[in-house]
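Labels A, B, C and D are assigned to the chains in the order they are written; within every chain, residues are numbered from 1.
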């Protein structure tokens, strides 16, 4: 089977996820600058979630670029990733509603952790579906960055019960780490 | 007419359906783990609906893969399927709001039943539009699995008035039955 | 310019319109069949709006099928159509909230009227952008059906102040009239 | 990397943005014409935001049309633009809620300003990624119109504290200025 519809469907789902998050930004009732102050952290958490979903879209784009074919297993691994990403707006909303309390911040990390694990699963399913030493396999390699992210999320979840701001700092750090898209694949793939 | 836009439009609608369901997940007000407990069944019903919509997308993907052309009848049969699928978020919300009461659980089954019937109609309209003994016709065959699902949904609707949890069990069973995408078509279609 | 992105964007917008309408279907609080009775007319109006948006998508699909190129004017005529279609969920919601009162029913007709006019404008802009006697021009012809619909909507708007149910009857009649997609174009265009 | 998915994802996000804005149009409770009067300015602001997002889509369409390849930087510059556009429904809602008060009108201009700046950044990143004197570079030139828009937004933000209606007038003026899509690119690109 071709990968065209898998890409189109993923693009659609991620586009909706990234956009409905803004519905969480409730219109303030005041009309002066003070009315905007409580929106500050909400805006920042929206920005962080936007960047995270953007990172997943970018990496998905890069990874699928080197893929030649998909099968039923790939479709389901991809849906698993989309499922966890679809929970990002929910946990972003919970974090905001509770001013960065411990449990919501930990749950935010949990959804990131499961998204990271799902992405890793998708990566492995795709590599297994391709011949050994495929362009994809060489480009992804052992994916230390993906594994490091998952470990960092787990640390952040544990630390959220000590101080949620440390966890938020870790989430920002991982986002920065991924900000640069997967150069390995870009390098491995010929310009088109 | 080509099938490209039919696929693109279906991808768009299904992407929105699968993603707006998460808007039903209302942010809890508490900040501790106890606040998450009432979300448990809601989360599970969200997961089940996500899997159901995912199954339809996967099967739609597999079925359309073998299709060569579409006509006005196919467009409408496809819209009928999308109509019933678009009601999945609504019935999922009603089931959750009422803690799995009999009538909501029956209505959930009814929407699944009508989705199943619509999918079957789409299948037949597509087969009728293709030459006899087409790749599609051979791949789909008599579609015993599709018919069995519809029968099981009908049984579940009846049983929801005895015990809604039996019905939920049947819904989970049918989902598991479909979890593996339609191997018949994957086998019948050459790798691309 | 190619027509690919125009089709993709229109598919996206129409997919969102047709799906967010279901968000208007508020979950009832009761758990028995009686709780569903007030949903009856709401469900029917949702169904009618779904069919209308579906008709526009189908006709858009048929019309664009014969188009070879687009320009800036086409993009704007297309956006005008999408603008009026995007108001369908709003007027559907208003009709439902007020149990088919005169003004909401008239406004529903007004949005249909403006959608019909916009579609006609798009048709003419596309024909003007193609050589005389193009496949598109021959297929569309004078579009008596499009003009008749607009006249019928105008009649329905006027009659809504006499009896809104007559107007609803006219809306259903026009929908039935369009239910069969534009055979002229399907006939004029070679199978692909 | 090809530009196909970048276009598809942008189409998806912009389609969702342009359509969820209509969710801001709250259904009025009355059933007569008077109930529609308070909706007048809301409708106009919805129309203006629809036109702005439409302009960005049109220009994005024109610009990407001449692009041959994209890289990681382009993906992020594009996401930056989508981020600011995704805030348009939020600021439109705030302007409406507060009957065009000074601060909301200024914030509306700020989001337009940041969208304009992001578009300019995307333009420059794309030009830098192409050979000197590419079709894109020649078509865009110095983009005086883009720079003028950003300056006008800045003026409108400042003037919103004098009289918000002057700012609204400037927003309408810039929209009219852009209403005609970028002829430079259309002229520079051969008909396809």
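FYI, a contact is a pair of C-beta atoms (placed from the backbone, for glycine too) under 8 Å apart; a residue touches a chain by one contact, two chains touch by 3 or more.
As the structure is a prediction and not an experimental result, all values here were calculated from the model.
The best fit of Cα atoms from chain C onto chain D calls for a rotation angle of 90°, in steps of 5. Judged by shared residue numbers over all numbers used at their interface, chain B and chain C contact each other through mostly different positions, with under half in common. Look at where the CA atoms of chain A average out and do the same for chain B: the two points lie 26 Å apart. One finds 37 Å separating the Cα centroids of chain B and chain D. Annotation for chain A: residues 8, 12, 15-16, 20, 23 touch two or more other chains. By the touch criterion stated above, chain A contacts chain B in their complex at residues 1-2, 5-6, 8-9, 12-13, 15-17, 20, 23, 69, 71-72, 75-76, 79, 82-83, 86-87, 89-90, 93-94, 97-98, 101-104, 107.
Residues 7-8, 11-12, 14-16, 18-23, 25, 27-29, 31-33, 35-36, 47, 50, 54, 57-58, 61-62, 64-65, 179-181, 183, 186, 189, 191-192 of chain A are the ones that touch chain D when the two sit in their complex.
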